[in-house]
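The structures come next, written out as structure tokens.
In the two complexes below, chain A is the common chain; its partner is chain B in one and chain C in the other.
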Partner chain A sequence: MISLNHALDIPLYRQLSTQIMESVVRGELLAGDTLPSVRALAGDLGVNMHTVNKSYHELEAKGIIEIVPKKGAVIKAKEQKISTKRLEGLSDEFRPIVVEALINGMNQEEIYMLITNIISKVRED
Partner chain B sequence: MISLNHALDIPLYRQLSTQIMESVVRGELLAGDTLPSVRALAGDLGVNMHTVNKSYHELEAKGIIEIVPKKGAVIKAKEQKISTKRLEGLSDEFRPIVVEALINGMNQEEIYMLITNIISKVRED
Partner chain C sequence: MEFAILIMTILFVSLFQIGVPFFVKRTVVFGVTIPYEQARHPKVMHYKKLYAMLTTIVAFVAIVGFFIWNQANPLDETKLVLIGSIAPFVILLTGLAFYFYFHYKITKLKKAKKWFGEVKQVRVADLTARAKDEMLSSFFHFIPTVIAVTLIILSVNLFDQLPNQIPTHWGPDGMPDAFTDKSWLSVLNLPIMLIVLQVMFFGINFFTKRSGIKINAGNMKSSKLRQLRLRKYTSWFLFVTNILMTLLFAFLQLNLLYENLFSHALLVVFPVGFTVIMLVGALVLAVKVGSVDSDLEGKLVVDQSGKTKTESIDEDRYWKGGLVYFNPNDPSVFVEKRFGIGWTLNFANPIGYFVLILPIVLIFVFSFLI
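Let's turn to the complex of A and B:
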């Protein structure tokens, strides 16, 4: 159920990674599930194989999937507790956007509301 | 007081944009202040002029600065209220990172705490 939008400012590989992560959050993809091969998914989506490859490598770096020889990209079991390293990585990713929100005059409460809305949307979609 | 880290995964132009935005949040850069010319800043930081140029264009697109002919990059006055378009843009930027936090087992409260920590850090630094 992936739909990529060429008109957005967000690179296609990031759109793909995000949508795969959202499927995991919604329980549509479970630990042990295998993603389509790079070639097959690129064909289905009508994008370059490089795009799918880049997305799978991003998901692997984020610890969401594991590339298993002869099996392909497999969804990993969730960690019980987020590692300090990953938490720092997330903090680094959040920081520029939090700063952008602050500079646009949003306060902490308003940022919380934005996050709450996003969480509901991700769970509903 | 800009310091760019070549070892980070974050592109240099984004590091630069973020640090300029943080200076605005802390009140070190005020509306009407002019940023150094692209050539001067690139020279000071020892980076390509293209990097500074890309950062200034990003800041312009985000409504943080205005490129004024013969004057250069000028910090804009804060909007009284965030526009719907900018709010949607921020939501699109937050979404993949919120999803990544959820997939790493963080709940809403933990994401709030992460945001609160970032806000304190930005204001202190």
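Let's turn to the complex of A and C:
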């Protein structure tokens, strides 16, 4: 289930990508499953097609989905081990958030806790 | 006979018009979006009942009036049909007038109560909904086209043997009452119109299929079920309409090609059967769709956990007068009607005009050429 909230600061296409990834993590979407077409999903959500398109391209760039001609957006099989390049990318994205947490007075333990909480929230939901 | 059909139609239209507020989505009251948990608000229910009472009175007066008028001084056929055909429109229009009055009332109530003030508004979609979509394939609508093409071939072959006068209009008794000179256009008029209609049916089905499956965040389960049923049953209804239209046109064309092919009794029975099947079909559709996610469903499951309520985004600003949808961001061509059962156009999407208006213009131009 996808749920987008206009009141958040996070752009809609980002929210959409995150939620599709969460569905994959939870096992609601499996490797080989096809996502709805851009037009269909935009129609379901009542948002502009560009929003969905942007999100699908982001997911493609991240290696989560593959755009197959005539078939659409297909979920890719999970890689066995994360590549060093991807790890570096994630590290770069984590960095500013970790710094912000530190500045706000969180210690290492609290940051671990926060991440553990997020993981269990994503998995259970 | 005509009188019975007319009364039946008026009764049907009346019952439908009276019941509308109770079988539309319960989160849209007189074209105004309200939060799911307020669907049973006493004021809301009061307005719905008031609407039903007022519409019942109008319908009752219309039906009884029509009955008495006909009993007192029996009308001739033309007048009877004319009045009998106007009556449903009178009922529909008064229903619409009441609709606007209560639309205004509910808008005021919603503002006064600030119903969307404290809820979290989201847009939701189910990624697996399309796998459960049971709409018929759009190409089904081209199966009866075989009959239309056969009619054209048959008509071309028989063209030389046809009389110089071709019927263009048929009375309620099934007998032709208007004629035109024989030409290729007048002889092939019916089958060509039939093909135009079949292309239109194909287009409606095709673009409905591509339109969004709208789910309400406040009650995802039943709103999804309602959308899926609406899609399935309207696509079946459209297909049955296509078959009936094809049979009717084939019947009229064969009657034109081979005089006295059908008995007089059949000429009367056929259009009546047509009307009855359509009414029954509409009834089935109304029950199947209208019993889900409406007041008729009964149960209203409201989350009492106390956390911030989640509702679908309030899209009233895209609905002019609560009836006309104009949303340039939504790629859907058709969306569920707000007051009634079925679909309405997204007027911001030009494809809709092509699908519906072009065929109608074509048919009009055609009838003028003859």
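Please note the rule applied: the second predicted complex is superposed on the first by the 125 of 125 C-alpha atoms of A that agree within 3 Å, B and C clash if a C-alpha of one lies under 4 Å from a C-alpha of the other, contacts with A are read in each partner's own complex, and residues count from 1 in each chain.
What we mean here is this: a contact is a pair of C-beta atoms (placed from the backbone, for glycine too) under 8 Å apart; a residue touches a chain by one contact, two chains touch by 3 or more.
For clarity, every value in this text was computed on a predicted model and none was experimentally measured.
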{"item": "Which of chain B and chain C A:Met106 touches, first, second, both or neither", "value": "first"}
{"item": "Which superposed partner A:Leu4 touches (first chain B, second chain C, both, neither)", "value": "second"}
{"item": "Touched partner set for A:Val47, first chain B, second chain C, both or neither", "value": "second"}
{"item": "Chain B versus chain C as contact partner of A:Thr18, first or second or both or neither", "value": "first"}
{"item": "Which of chain B and chain C A:Ala77 touches, first, second, both or neither", "value": "neither"}
{"item": "Touching partner for A:Ala31 - first (chain B), second (chain C), both, neither", "value": "neither"}
{"item": "Per-residue touch tally on chain A - higher for chain B or for chain C", "value": "B"}
{"item": "Overlap of the chain B and chain C footprints on chain A, listed as residue numbers", "value": "none"}
{"item": "Chain A-touching residues of chain B, taken from the complex the two chains share", "value": "8, 10, 14, 17-18, 21-22, 24-25, 62-64, 78-82, 86-87, 90-106, 108, 111-112, 114-119, 121-122"}
{"item": "Interface residues, chain A side, partner chain C - complex", "value": "1-7, 20, 23, 28-29, 35-36, 39-49"}
{"item": "Chain A-touching residues of chain C, taken from the complex the two chains share", "value": "120-130, 210-215, 217, 220, 310, 313, 315, 327, 329-332"}
